[in-house]
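In what follows, structures are represented as structure tokens.
Below, subunit A partners subunit B and then partners subunit C, in two separate complexes.
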Partner chain A sequence: MIDKMKRWLPWAALIIALAFVPKIFGIYYMNFFITFAVFAVFSVSLNLLLGYTGLLSFGHAMYFGAGGYGTALALKYIWNLPLLPALSIGILSAVLLALIVCPLVVRVGGTAFAMMHMAFAQLLYVIALKSRFITGGEDGLANFRIPPFSIPGVVSFPLEGAPANFYYFAIIVLGASLWLMWFFTKTPFGQIQVGIRDNAKRIDYLGFKVTHAKAVVYIVSAAFAGVAGSVYAMFQNVVAPDGYLGLLVSFTPIINTMLGGIASFFGPVWGTAIYALIEEIIFRYTDRVELVIGIIFVLVIMYAPLGFSGLMLKLKFKWMMFKNKRMRQAA
Partner chain B sequence: MNNILETKKLYHDFDGLQVLFDVNLQIRKGECHAVIGPNGAGKTTLFNVITGTYKPSKGKVFFKGADVTGKSPCDLCRMGIGRSFQITTTFSRLTTFQNIRLGILSKKGVRFNFFTRVDKMEDITRETDELLRRINLIGERNFPVSALSYGKHRALEISLAMSTDPDLVLLDEFAAGMSRDETHNAVELIKKMTQGKTVVLIEHDMDVVFSLADRITVLHRGQILAVGTPQEIRQNQEVKDAYLGDLEVSAVC
Partner chain C sequence: MDVTASMYAAQAIHGIAFGMVLFLIAAGLNVIFGMMGILNLAHGAFFMLAAYFCYSVVAMTGSFWAALLIAPVLTALVGVFVERFFIRKVQIMGAMGELILTLGVAMLILGGVKFFWGTENLPISVPPVLEGMVHIGALDYPIYRIFMIVLALVVLAIMTLLLYKTRLGKIVRAAVSDREMVNALGINVPLVFMFVFGIGVWMAGIGGVVIAPILTVFPGLADQVGMYAFIVVVTGGLGSLKGAFIVSIIFGLLSSFGIQFFSQLAPVLIVGFMAFVLAIKPHGLFGVKE
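On to the complex of A and B.
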């Protein structure tokens, strides 16, 4: 009983802390936290491919964009669409896109996989730019209605013009997505997934179909990228090619993941937080945020290839060695 | 039908380089069959063609009487063929336990399961631990595989091939690079693990071959030079000329 409480205590503390964030930081910083939540989901979804299956994608933005555009279009043209269906439409558009692309991309790996995604993402970018009658071209879609966050007949919180409410919504989405993805990596299928990363050939010889397994991971990853895109669209109330399908959108989660550590599930979450913090601080001094981030990225790759969580693990190990030594000296 | 595996007029070439010529291999059910021959004789290619890595250029492979030519490694594994590799092919960042568990999951047919936590599947855990105990790796249960000694790593490689409980096991130079003790342990392991199974092995260590094999096939330049019991092979003049040499044979005899 006490053991159980001990296990739940940190989580309870975390939830309470998260609940008080709007009170402590004020409304101005809500943007910061909401963006963090969205990109944390996006980065972890990318890490399902990169860290867990060993597939590097240079075009994960296509699913982020699909989610964003899907939700924006649905909200624009379907009258009085509630929140969850709007979110689901975003996810479904990402999944649909993944279903179209995956028969082709799961057969390749490595560089081909990465570059093919860059090509597909750029193709989608151009399509979004050119088909003005649907996507609004360069201006994108804006000013669609944001449905309230509600349980019908019980409560209803407006999300439009209420950053604190949107913050709670984004945090709930983050929590649910993280839990689902974490569970996904813990299933028997998750084991096959890490097996593919380590040795796809042996997985084949053990009687698992590698391409099918890759396809499933791919679609799940796309779905969660879609979640992130969809929430981001509702948050910004605008979708445009550059912010949703651009190259930078594809590379942000990669940088997040590398900063935080690809070898750990929560690494990308740390990485997103670090990235957001650095961005926030650098912006006060210069506009050239990417320059500074780039330098930090290079340093991380050179000196801490496993990122923040790798560093933490190393520190923990050193601390344990130190404690051991002290204990031995005492004895 | 007492041939579990049969190849009929098997040919294979790599873009014009002929590696296998008219190989008619017959493996009887329950025997331990060694494939020996000098380097470049086509032994590993033969394994690759049988287990589905390559499609043969010509000819057919029959397993348990069914034509399995050109089937994928995955399908063949599900039909009951297990294979180990000359170059250790394990999941290096997973623990010993997780490695073997993947085999057990495959054996149990647990593949696309998204709704249970694998750590909480007690039957899988129990069976994995049982196997780890049998192969003497229970002490290294939670080590990442990259931290294992060479001999233990090779033992894991062999066990991984047998973890899916196949009827036919193909072992590609399992003793490569092992010390004498390690080789001895590996031979004991194989004897213990393959009871009631059919084994085909490629091996250069003649002590190992003569202590394990019931029958031997000698492959030379992609062709079968001789098939027979160890005794017959030792006395075969062609084999002596091509591979064993006189000195080695007298030492073995």
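On to the complex of A and C.
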């Protein structure tokens, strides 16, 4: 009983801490935390592919963008659309896109997979840029209505112009997404994923269908990228090709994942936090985004290929060795 | 000959010239991938770097011909440096490590270029010998475009001779098929691969110098033209020179005629063509399954 309570205690503490964030940091930092939460989910969804299944995608922004554009278009054209349907439409559009793309891409892996995604994302970007009458072209869609967060007849919180409320909404949606993804990786199916990454042939011999399994992971990953995109669209109240479908949007979750460590579930969350801090601090002094990103990529891949969590694990290991040595010397 | 026909001919020459430059870059990319198995995402950035080197050399010496000689070599040296001190270190991590490292290098070069040369468009003028038109039959052809086509063919010929007619080429091809054995025979394989990487980057460099007078030099070069080179390589099949050649010419023509007839949709045409090809053949037109 006490053991069980001990296990839940950190989570309870975390939830309470998250609940008090708006009170402690004030409204200005809400932007920072919401963006962090969105990109944490986006990065973890990418890591379902990259870390768990071993598929590097240079075009995950497609699904982020599909979620964003789906929600934005729905809110623009469907009168009085409630919040959760709007979110669902975002997710559905990402899933739909994934269903179209996945038969083409799950057949390949490695470099071909990465490059095909770069290509498809670029195609989508160009289409969003050129089909001005639907997507608003370069300027994108803006100023659509943000529905309130409400349980009909009980309560209703306005989200428009209330950063603290939006923060709670974002934290709930994104927290739930993280929790679902965590569960997803712990199922037997999640183990097949890891098996595919480590030795696809063996999984095939064991009688599992590798291509089908890859497709399922792919669609799940796209769905959560869609969640992130959809929430981000409602938060920013604007969607535009560069911020949702551009190459840099595809690279951001890869940076986060590499920084945090591809070998662990929470690695990308750490990575997002680290990158967000780097952005907050470094970009106050310089606006040379490319240089900073380039240096991060090169340094991380050369000196800490498992990222922050790998580094932590290494330190822990060293500390244990050190302690062992001390104990042996004392004895 | 009437106006329409000459318009078509001019567009075709433009398309083929652009296709040939694309092919130069894509061939460099393909040589590196085919020989070393590395997809060099920094290739577009090297191409752009060469254009900037070209600008600086022209500014210093006033001679385009000097730039044509020096700038690609300088770029190749940067490439060799990157291979020796960065890429070689991450090769044990497989494709993912290389992709992310070269992506990082691409970002670094882009950032560096913006730092040293700024972001504005820098013009380079065509040398006087190559200005103007030449009469063939009843049509006028711009000399510089023809020069581009000829130069690309010359570089290609040099490459082929180097790879298939020299001792070095033999070693490279042997190292591709069995790296360990060649190494065991006392040949320094990492050195050979460093050389191969240098050659690949040198080809991108030639492309960068040649295109500089037409498009002017600006940081977007890496994205615009470099992206096309990647699309060419992926569509033609990674590592296949034949595929790269065919697809470059198709893309060159698609872009020149596309701009002529429906300028808004030209980029969609090219990317759409690639998506279509990859949908049918995921490893590209002439690609081999990994």
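Heads up, the rule we're going with is that the second predicted complex is superposed on the first by the 330 of 331 C-alpha atoms of A that agree within 3 Å, B and C clash if a C-alpha of one lies under 4 Å from a C-alpha of the other, contacts with A are read in each partner's own complex, and residues count from 1 in each chain.
In the analysis below, a contact is a pair of C-beta atoms (placed from the backbone, for glycine too) under 8 Å apart; a residue touches a chain by one contact, two chains touch by 3 or more.
Keep in mind that this is a model prediction, so the values were computed, not measured.
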Comparison of subunit B and subunit C by subunit A residues contacted: C
Touching partner for A:204 - first (subunit B), second (subunit C), both, neither: first
Contacts of A:56 with subunit B and subunit C, given as first, second, both or neither: second
Partner chain(s) touched by A:312 [first = subunit B, second = subunit C, both, neither]: neither
First (subunit B), second (subunit C), both or neither touched by A:111: second
Subunit B versus subunit C as contact partner of A:192, first or second or both or neither: first
Touching partner for A:298 - first (subunit B), second (subunit C), both, neither: second
Residue ranges of subunit A in contact with subunit B within the complex: 183-184, 186-192, 194-195, 197-199, 201-210, 212-213, 216
Sites on subunit A touched by subunit C in the complex: 50, 54, 56, 58, 104-105, 107-112, 114-116, 118-120, 122-123, 126-127, 130, 247, 251, 254, 258, 288-298, 301-302, 305
Sites on subunit B touched by subunit A in the complex: 51, 72-74, 77-78, 82-83, 85, 89-94, 98, 101-103, 105-106, 110-119, 121, 124, 160-161, 163-164
Subunit A partner contacts - residues on subunit C that touch it in the complex: 39, 86, 89-90, 93, 95-97, 99-101, 103-112, 114-115, 223, 227, 230-231, 234, 238, 264-265, 267-268, 271-272, 274-275, 278-279, 282-284, 287, 290
